[in-house]
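Read through the structures below before going on.
Paired with chain B in one complex and with chain C in the other, chain A is shared by the two complexes that follow.
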Partner chain A sequence: MGSSVAVEVTGLHKKFGDQLVLKGIDLHIDMGEVVGIIGPSGSGKSTLLRCLNLLETPTEGVIRIQDEVLYARQAGEARPAKSAPGKLKTGMVFQQFNLWPHMTVLENVIEAPLRVKKTDKKAAIQKAEALLAKVGLLEKRDMHPIYLSGGQQQRVAIARALAMEPEIMLFDEPTSALDPELVGDVLRVMKDLAGEGMTMIVVTHEMEFAANVADRVIFMDQGAIVEQGTPETIFRHSQSPRLQQFLSNTSFTAFG
Partner chain B sequence: MTIDFSILLDFYPALLHGLYNTILICASSLVLGMLLGVPICMLRMSASAVVRFIGKSYINVVRGTPFLVQVYLLYYVGPLYGLTLSAFACGVITLTIFGSAYFAEIYRSGVESVPKGHLEAARSLGMSRFQAFTRITFPQMMALIIPMLTNQLVGLVKESAILSTVTVHELTFAGTRIIGETFRYFEVYIALALLYWILNTLLAALADKWEAHFTKYMKRNKRSEWI
Partner chain C sequence: MFEFETVVKYLPNLLHGALLTAGISAGAIVLAFLGGILLSQMRVSGLKVLQLPVRAYVSFIRGVPFIIQLFVIYYGISLIGVDMPTWLIGMLALAMNSAAYQSEYFRAGLESIPPGYIEAARALDMSKLQILLRIKMPLVFAKLVPPLTNEFILVLKNSAIVSIISVVELLRTGQQIITTTYRPTEIYIMVAAIYLVINLGLMLLINLYRRKQSVWTGRSGGDRA
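Up next is the complex of A and B:
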């Protein structure tokens, strides 16, 4: 099973106005893989991630999620082929958590299963409670998000995404908005998830997480993938000067 | 002339009739105005620049001209172009149009107050645009805009007095007539002011109930905040 395709991206371009932020990305990710994407701000890493669930519409290229085409548009083609939003196989966790403040923790988690999957309410609640227990927040189920710390909110957001039973989890700088002492709890949940075999693509500034949890690390700069490989290769035997410079600017020293 | 409110007793049926018409005109045009505000707001927020311009122009023209002039235009100029309306219909239509421009802008401020990320979260979970609006945007924007809506509704009720100038038989019209017969300016205008005030107080109380419904979640959080 380890070799079935999770994500297949070919020739992905994205323009914002005149600015080309993704310059022809090719990417292949297998099911069960945990991929960390690192790089300086403005390198296009978040944009790439957001293209994978069509929060950003690519300018051109092909995105396949498992065996289905999510988006396909060749240069010059007028209309891209897109799949319907209800059929997303990806779940996403955002930097800013984005929990809905007018709903309780539990309501946040059951909302999409109820509305999109039309799950029976009892079953949805049961599932939500199991997920909240998993992220260690079952006792907060009836509280509103504003009541929770950032780390707790982010863990609820992970539970909310998992409630839709995604095949692939996308994390967009999930710990960047957190106080340092709250980062650990979120990373622990993500590590557990990786340990269960979840396919994960994580845009992150946490070099330690990338080094210790990811199977593969991708370094992006100026809209292109500059280098990729095992954490060991990337952090210890990096080839490109750009990556070496980037790593020397981060305080992290991998593998001691 | 001494102040004598007892004259109102002789004319209260006329006042009540006027009050009844004011309530009827306001109730219908406030509801219609709030409804018409929805498509106007959609035009105003359209992705197409042309459509957006149409919405913006409507709002600018309606907001930028006096209500009195709008009423005169429809009632006196309309018939010259074959548009003959009863005073009552003219009143409801102008008040509806006048209100809709303001309501559209209030809705827009509400929609824009909801962080984009909340909708991205909904979309990333597979919710449709419609579901994202009804489940995520709407409940949050209502909490914010009801005070603004209340202001606007109360303002429109007061604005409706202008319709007396085109012989709509509403409350102010009734009062003016009574004054014509009795020359009791003080008593009648005090009575009018009081009646409008009661009407608006009831309206505001209703809006408060409505607001309480949508802000329940905020209140609950506020009360239990640990400071």
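Up next is the complex of A and C:
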């Protein structure tokens, strides 16, 4: 392959209180890969994603993002050897969009470049406008989020994440909070992004998106990766009964 | 008979006192606002060494009449030999009192911010200070306008109490005029009217801020789910 590493996770554990929600995850993702993570709710897929930018602090394990260790802690160590170094290389899109309500669309997009990257304001606005045009919402630039539909808010949220020029994009059920007729616009933006070669990790309930856009699909259940492979393998030649049962419970039939 | 001449004659004196009242109150409101933010940050820090003193302080302020807090500070300051004008002591006492109440409002406001807004900022690599100043505080202020309005008005009205440590503000100016004119009704009505006018001005300012805000909170002022 010769691709460089995007994400390398080894022995990742996460406990909430006494409850073990990630039970030793090993995961390797190359740059340019689009990975879909599916699984029943409570399987730990969102927690895994949120560990990749340290929104959740792992209990133990190692996370590398590209050539840098993001987090490292061995079992029994009092504190992590490494946690939250320099700048994040990931951008994240949330189920609830989480646009800041007190800022306009444009202000949402330029906030982090201005404050975190100290980008010159003119350049930040230029870049933001280009991104808003790309997600089809340039005409909403001066509106506040409350006046946008969920689908529009989510596309702004994608533009906001992209404004920081992340190497890897994390999507946490980006269409789950949307009315069905608004899902398409968001998925289209994500497909375009994948087409441009962006490395993407997408926790999703959209089986069709996982099947058609992802290079690889990971099925998680009860805090572990149960099965992974190409969409075709996962959706047509699944091995584990747990995955077969999960798929039969979803209405997805793309591969018949 | 209501003597208008007395009121007119002494109006400049009263307005002079009113200026001090407004100044002391404005200073106390600003100090208390900043102090309240600081105390609330200590309170939500998760560190017991910071939390416990704040809790004790807030209990003291809540549980003791303001006039007694004022005496404790007034005599305390002279006891440790610090020379301070009485208006400044009054302003500090007002600020220390209001900061405790405001810190509780800020704490409640901070806890009511949907965590997703903070997570979005963290995922974009914003620092704790940036998140506080750019995300948390504007959202908290929006929620807190009504209780803070009450609190600011309370500071203004409590400022009358500092007349007791002989700060010649609006009330004490009025009382001094009464001792020479023997027209308490006229003067007290005038004093009351001036307090009311200052308060109305304060509310006008706050309403301007609210109108600016309604652009993003929506007319109902309600929050998104």
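Rule of thumb we're sticking to: the second predicted complex is superposed on the first by the 247 of 256 C-alpha atoms of A that agree within 3 Å, B and C clash if a C-alpha of one lies under 4 Å from a C-alpha of the other, contacts with A are read in each partner's own complex, and residues count from 1 in each chain.
Just so it is clear, a contact is a pair of C-beta atoms (placed from the backbone, for glycine too) under 8 Å apart; a residue touches a chain by one contact, two chains touch by 3 or more.
In this text, all values refer to a predicted model and were calculated from it rather than measured experimentally.
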Three-chain arrangement built on chain A, chain B and chain C clash or fit: clash
First (chain B), second (chain C), both or neither touched by A:I29: neither
Touched partner set for A:V156, first chain B, second chain C, both or neither: neither
Chain B versus chain C as contact partner of A:V202, first or second or both or neither: neither
Which of chain B and chain C A:L55 touches, first, second, both or neither: both
Chain C-contacting residues of chain A that also contact chain B: 53, 55, 87-88, 90-92, 94, 96, 98-103, 111-112, 115-116, 144, 146, 157, 160-161, 164, 170
Of all residues in chain B, those that touch chain A in their complex: 115, 117-118, 120-128, 131, 135-136, 139-140, 143, 217, 220-221, 224-225
Complex contact set, residues of chain A against chain B: 53, 55, 85-88, 90-92, 94, 96, 98-103, 111-112, 115-116, 144, 146-147, 157, 160-161, 164, 170
Parts of chain C lying in touch with chain A, wherever the complex brings them together: 114, 116-117, 119-127, 130, 134-135, 138-139, 142, 213, 215-218, 223-224
Of all residues in chain A, those that touch chain C in their complex: 53, 55, 87-88, 90-92, 94, 96, 98-103, 111-112, 115-116, 144-146, 157, 160-161, 164, 170
